[in-house]
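Both complexes below contain subunit A, partnered by subunit B and then by subunit C.
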Partner chain A sequence: MKTVCLIAAASALTLAAALPARAQEGDASAAPGAEDASASTPVTSADPAARGDTPEAQKGYDISARSDRTDTGFSDSKVAAKMVLRNAAGQESVREFTFSTLEKADESVGDKTLIVFQSPRFYDGTALLSHAKILDPDDQWLYLPATKRVKRISSDNKSGAFLGSEFAFEDFTTTELNKYTYKYVGEDEIDGVKTDVIERYPRYEKSGYTKQKSWVDQDIFQTRKVEFYDRKGDLLKTLTLSDYREYDGIWRSHLFSMVNHQTNKETDLQFDDYQFKTGLDAGDFEQAILTRLR
Partner chain B sequence: MSSKIRVIAAGGLAAVISAAAISAGAPARAQGFEVSAEISAEVRYFADGPLYDGQLERWQPSFVLEPEILWSNEDGKHQVAILPFYRGDTRDEEREHFDLREAYYRFNSDDNWSLTAGLAKIFWGRTESRHLVDIINQTDAVEDIDEEDKLGQPMIHLNVLRDWGTLDFFAMTGFRDRTFPGRDGRLRFELVVDTDNPIFERDGRRAAPDFAARYSHYVGSWDFGVSVFHGTSREPRFAIDQAGGRIRPVYDQITQGSIDVQYTKDAWLWKAEAIIREGHGRTFFAGVGGFEYTLYQVFGTGADLGLLTEYQYDDRQDGIVIEDFGAENAAPFPGGPPAGTAVIAAPITIADNDVFMGARLALNDIQDTTLLVGGTIDTNDQSTGMFVEAERRLGEDWAVELQARLFLNADPDNFLFVFANDDFLNLRVTRYF
Partner chain C sequence: MAEFKSGIDAFAARFTDLMIRLRWLVILAAIVAAGYVGSGASQLEYSNNYRTFFSKQNPELTNFEEFQSRYTKSDNFLFAIVPNDGTDVFDPRTIKAMGEITEAGWLVPFARRVDSLTNFQYTYAIGDELIVEDLFETPDEVDAATIAARREAALAEPLLVGQLVTPDARAAAVNVVLNYPETSLTEVPEAVVAAREIRERIKADYPHLDVYLTGTSMLNNAFSEAIQSDFMLLIPIMIAAIILATIIAIRSVSATLVTVLIVVLSAAIGMGWAGFVGVKLAGPSPSAVIVILTLAIADSIHILITARAALRRGLEKRAAIVEAMRVNFLAVSITSLTTIVGFMSLNFSDSPPFRDFGNISAVGIAAAWALSLTLLPALLSIIPFSARQASAGASGSRTMLGLANVVIGHYRVLFIALSAATIALISFIPRIELSDQFLKYFDPRIEFRAESDIAGEYFGLYPMEYSLDAGEPGGVNDPAYLERLEAFTEWLRARPGVVHVFSVSDIMNRLNKNLNGDDPSFYRLPTEYDLAAQYLLLFELSLPYGLDLNDRIDIEKSATRVTASLYSEMSTKEIRQLIRDSEAWFEENAPSIDGPATGPQVMFTFIAQRNVQSMVQGTTLAILAIAVIMIFALRSVSVGLLSMLPNGLPILAAFGAWAILVGEVGFSVAAVASMSLGIVIDDTVHFLTKYMRARRVDGLSAADSIRYAFQTVGVAILVNTIILGVGFALLTFSAFKINAELGLLTTLAIGFALILDFLLLPPLLLIVAGGKGEDSAGRLSPATAPAPAQ
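So, the complex of A and B:
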């Protein structure tokens, strides 16, 4: 029964999509209103309900849409990741895994993601496969190496903790543009970088948040910081994204640091160098492949 | 495994994880050698004294060694796995045993098929309380009575992955006998199983080939599989030698067809398995089905609580029949009747008309603490088998598991009655290397 925790954890499979607000669905990466966005991206229609009708809402939406678009077009990727959990007393626990991601073929479907755990050794070889969906719940399978069992699991959890960390499932799975409405609130500076500050409000059900506040830089359009406000409206967590590196126009943060202000616990999510366009195809992301991983 | 576009692994992939690099051609598949091991120390404490002569008293200390050697070439096309298993047990010599859980070579084609040759473990099925459909591997029954531990099965296995589903074909030989506790062991029948003298229905005995095939796929919220098996049954019947105080396992030739299905909706998992089997007395049907429902973040914490209920049904033949096993086994017991031996008509099952209920709690804490509690109650006579399994990690390299099994209200006519005095606690501490 050692992998029971992971059953819940699988909901966070689209972790690769954690990268700042990845586009999903008709999420209108190139919203018509985003005039200042790169003209090279095909323009699809924005979700009017997500974009809103006030100037502040639309500006917030458009800035987010532009940020979104800078992360697509990678085809497939592989990366080794390390999650360091730290409690208030400073004690640490480390989890290591590799991520493989197959970018969605078109906007009617989501990304496919495979996570294989290496440590703790307790979880060595355990794998989580996810086929992200747009409106329907994601399809997710868990592989348990001790029994060779592939088990379809529920993707219903949203505000629960990912593997005991300070990241909630929805921090990873609900980054799609149209899952929020937005409000532009002004400009700010973080470490000498000029940023736009935008508030976003979940449109999906069962969120643990009433509001998120994000800082998107005006230089490479990447999210630098996010504040999460709980159901009571109090500041719950702050996420800092740093160590951005560019791979042929695709930006990836290599350090996600989440601090919970109410428990004083922290989680760092560190990534090694990404490999893109490694030749993975849909067959590498089928549930039947899980028994062949080793 | 398919890497249609071969890409050279990017040099300098920093921070290689546990001595294994990520290969370019396969998703998160380790390349090169990966060697690790688990060592566990275990002790069982039985709450009551033994019911049968010769059984150990209260304490049963033991240990387990499980090395793991994995190898894959750079593009993941060629894989080798060697997973030996050794249980040392000073109290029950039948429980002290070695097995190769896995020892195989696999070729992964670019065209999404693979061929595996060697000893391997295969799991089929969906349900939690009973694994009816899972038939490829023999049960290592001295490990535990839950039929979750399996012996490595020699096989050639072809796996073909297509848009329309997955096909698996198996050709097997080298039949593995089921393990059973010895005279000293607890959790046995009154008569000791004479594992050195099994009776085989088929010529060729252990070398006789078995064949199996499976089609599995998923469509939307449905996952399903259809399987067939023809060969020597992994489940033995028993020939009874009352005077000699022993029983001999009888391995028959059977043909089994099965289906298994799961429907996943929100926090609900609906699961069912069913088999039809020919070769054990009259042809029979057995099924198990139910649900698993998960409550997230219960009690105002990050913990998840899963609730499980399954109904088990099995209409296999009851009772004892007199059979003649032919020249080779005509008089299986010294002094017994020369032609005709008393044999249980079909392998024993307790899951004939039972309800399983369980709950599992995952705390989702740093130490991955989990608790599983369950019980199976016979709807006819209320005989109940209960279990508790609690597990957590201790730091990065250690884990501890506490397990308990209780046999409550066992009716003398229920098979469970043989375990009536075998309530036990099992503490297991594992170190990972």
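So, the complex of A and C:
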């Protein structure tokens, strides 16, 4: 647990399709058998528009909801992360940062996250604060130590490459359940594990994707793989999630591997051990905190 | 010597006898075999990638591949949009159209990125905020005030002006970058269909716009379209020409049909073989069909003309066929062998399509040789073939005798005059300028060329790439590096012919201004390492899907890419000079950060030199091999070596004539020498084998032997030269310039070879023989000509 805790914040890293929004909720019908002991006081806000009205759409939504809600109730988390970028020439480059998350109050709002960079050295101390939204663009601020100033990132469209990697910001921040509509497409097996396969379609306007396809296992309800489809409907990237470890009923993948099929570039995102319930609160995720991080 | 010759003669006679006896079996076997091999042609595919023209070892290709694996592949479509009603591109209708092209561009198969005026990531400051947004957020409805403001911003933006909008705003461009998986040949045509649909739709919906489509994807597509255009046009004409030439020479419809069958089967075998071994047709390789059709006919013509002469002398048909085969067996075999050697030497070419071209042609010529010795006598024996109509041949023979007498009479004058003329032509060779501009590779009837010519009036269509390496991870943020980067960018922009330069230094300048409250005095590079890095991070976090900087800065942030777009009329020589100048600039100003200039146009700029270098060895070997074949075939070192003169000189003369007539030549020039040598030597072989036969077997004087050679093969040589000339001249109508140049240069060489074979070779022989010898003074007539030894 040598996590670099510059920040007083914690919560789980919810990447991409992977460990989507922890919800607190009690829509029993929506998540049959998904009631996890750790999901203490679930507050649901299942969005009917996101759940849809066909059986496939609802089944897809419900499986995703169960997957999301199994991991709720951690309140906050903190983890050290390392990104390894590889290009088609085999060159490698590493970025390291600490990732803190404050769990949202309910599913109609998003998680708050704080990323503090350690390397490469020219990013050292740079911090990115993000307040996720459901259908509106996220609020983001970047602290630039070189100017000792906080800059709001006012772009509506933050789906570009994150730190030059194959992860887009939307692959990376909290995947909010109600950001998508769903469709259950069937079962599949990945490395001997039975999975449900669900397609989901972004409901927010500026996504870089038209579709994502996720494989959610039937044992611990975690996402094992996600495929990202570009605007013309072609497979763009595949994310594989592995090295799942359990923290008191909460599962976290510790290796996210993204392959871009169109450019043959790859990025691995590796995590150290998570810390949960570290005592972070909303005050640690305010814009003003950025200038006081060090 | 005589025994050797008569040994071959006897074998040829026996062999032909056998062919005639087994004629039905021979016909069946030949057609089945040719049909089987020919069926491979159905597996032939057209390449549609300009990289096909470069070998795996080509240094310019290797550089470019390395560059692409560091950044990204960059095949593209460029839509050039030109209002035709006098408005400029900042008209609301045109902005709407550009928005539509941009949206549609993302949906083109294999598209990875679309850049246009509308989606340009415009940055500015509001208070302490960095605003990053599309230059036209809502191209569908944009008010006059926004247009005015953004117009001004766009026309002041170095990343846009020259690249996506002209300085006078008369034209705009939308650039679609694609990543082809390169697993199927249908990828490029699929993308092209989508791009053309966009162009047509925009032209229909916005009549005030002209839209032109170019880019490397259209280039790639043009390669296969040019081949198809050639096939449709040239092959039917070539077959018609063969029929016409054979009918004139042989005066026999049935013999003509046999000839056409043999050449078509030969071409089918050549192309079928290519299909079986998996050749992808590109550039010159499909022209092998024309070449085979052209060359395969020679064997038949020689045999048929001799057979007809024998019939005229009163031999019965079967005996005439055997006689024709016996007389021509050696000559036909040697000429086929030398031609094959010439084509096989193309395997030394750096450009794989030329290797394919050489090999396909060689296989076809070998097939023609085999079929002429087997199928031809077998078919002749069953078709009606007589000498009744053949009086013209006799007059041709008399004309040839007259020519022989003139040549012998003035041999010293001819020798001096022709030598002097040839040397004069050769002296012009250094004036030839190598030129490979890929836009100009195609005839204007190919859409790519026509549209690129117009688009090229507005935008620079030759991309030239540099990767400027800072030498360490994160080095691109180093103020010293950025300063060098900017200096290079400015230097490059000031070069003549450079229309646009894309460089990250412009982004850094702009961000520095934006992050200092849009204060124009801050339009300069950040002076601190971390500041540059963090400005860039802020900008990158603000970019939308697909418009990131990953294709401009490498993952370690140790190098950035500078792209210059060059004016499409810039000559290869000027581009070479620019590359040399840029190398000198790096040497002087930034020895540690330069990367080689690379990109498609750089590859083509050096393709001729690479091919000439690689072909030097191939051509030398071909010359040596052909000389050895001639010495062996003629059984005379002196005559064998002598034969190289009337063959080498016409090729050099052709280059000299080219220098005067055209001046510029593309990389096919490298292939011409050894290939032409293999072709033009045929006439010399025929002439000299007859000459040597008369000298040795019949013991005639040099002059009489020359007369004999003129009489027996003069007409055949003339007819052959005309057919060869027509065949290669046809290639000049190819939609692909490389083929056209190959065709015209070879035609020139063939023409000069005829002149020198008739007018310089005999004087040379006389000089070597020490004069005219016992001269019958032209009294030799067809009737008294020595009958070849029986």
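Operating definition for what follows: the second predicted complex is superposed on the first by the 236 of 294 C-alpha atoms of A that agree within 3 Å, B and C clash if a C-alpha of one lies under 4 Å from a C-alpha of the other, contacts with A are read in each partner's own complex, and residues count from 1 in each chain.
Here, a residue touches a chain if its C-beta (ideal position, glycine included) is under 8 Å from a C-beta of that chain, and two chains touch if they have at least 3 such contacts.
Model, not experiment: these values are computed from the prediction.
J.: Of the partners subunit B and subunit C, which touch A:Asp272 in the superposed model: first, second, both, neither?
T.: First partner only, subunit B.
J.: Classify the contacts of A:Thr98 with the two partner chains as first (subunit B alone), second (subunit C alone), both, or neither.
T.: Once the two structures are laid over each other on A, A:Thr98 reaches subunit B alone.
J.: Output check: A:Pro202 vs subunit B and subunit C. Expected answer is one of first, second, both, neither. What do you get?
T.: Touch partners of A:Pro202: none, neither subunit B nor subunit C.
J.: Per the contact definition in the header, classify A:Phe122: touching subunit B only (first), subunit C only (second), both, or neither.
T.: The answer is both, since A:Phe122 touches subunit B and subunit C.
J.: May I ask you to decide whether A:Gly110 touches subunit B, subunit C, both, or neither, giving the answer as first, second, both or neither?
T.: Once the two structures are laid over each other on A, A:Gly110 reaches no partner at all.
J.: Does the superposition put A:Gly60 against subunit B (first), subunit C (second), both, or neither?
T.: Neither: A:Gly60 stays clear of subunit B and subunit C.
J.: Answer with first, second, both or neither: which of subunit B and subunit C does A:Ala88 touch in the superposed model?
T.: The second partner, subunit C, only.
J.: Counting only touches as set out at the top, which of subunit B and subunit C does A:Gly160 meet: first, second, both, neither?
T.: Both: A:Gly160 reaches subunit B and subunit C.
J.: Once the shared chain is lined up, is A:Arg149 touching subunit B (first), subunit C (second), both, or neither of them?
T.: In the superposition, A:Arg149 contacts both subunit B and subunit C.
J.: What part of subunit A is shared between its subunit B contacts and its subunit C contacts?
T.: Overlap of subunit B and subunit C footprints on subunit A: residues 85, 87, 93, 120-123, 147, 149, 151-154, 156-161, 163-164.
J.: Taking the complex as given, what residues does subunit A use to touch subunit B?
T.: It is residues 1-2, 4-5, 7-9, 78, 80, 82, 85, 87, 93-94, 96-100, 114-116, 118-124, 127, 137, 139, 147-154, 156-161, 163-164, 272-273, 275, 277-281, 283-289, 291-294 of subunit A that touch subunit B.
J.: Going by the contact rule set out above, which residues of subunit A touch subunit C in the complex?
T.: On the subunit A side, the touching residues are 85-89, 91-93, 120-123, 126, 128, 140, 142, 144-147, 149, 151-165, 168-169, 206-209, 230-232, 234, 262-263, 265.
J.: Could you please specify the touching residues of subunit C with respect to subunit A in the complex?
T.: For subunit C paired with subunit A, touching residues are 66, 68-70, 72-73, 106-112, 126, 128-133, 179, 181, 473-474, 477, 515, 528-535, 537-538, 540-550, 553-557.
J.: Under the touch definition given earlier, write down the residues of subunit B that touch subunit A in their complex.
T.: Subunit B reaches subunit A through residues 1-7, 9-10, 12-18, 20, 22, 24-30, 34, 36, 38, 70, 72, 79, 81, 106, 108, 112, 114, 121-123, 125-126, 148, 159, 161, 166, 216, 218, 223, 262, 264, 266-269, 294, 296-297, 302, 304, 306, 360, 362-368, 370, 372, 389, 391, 393, 396-397, 399, 432-433.
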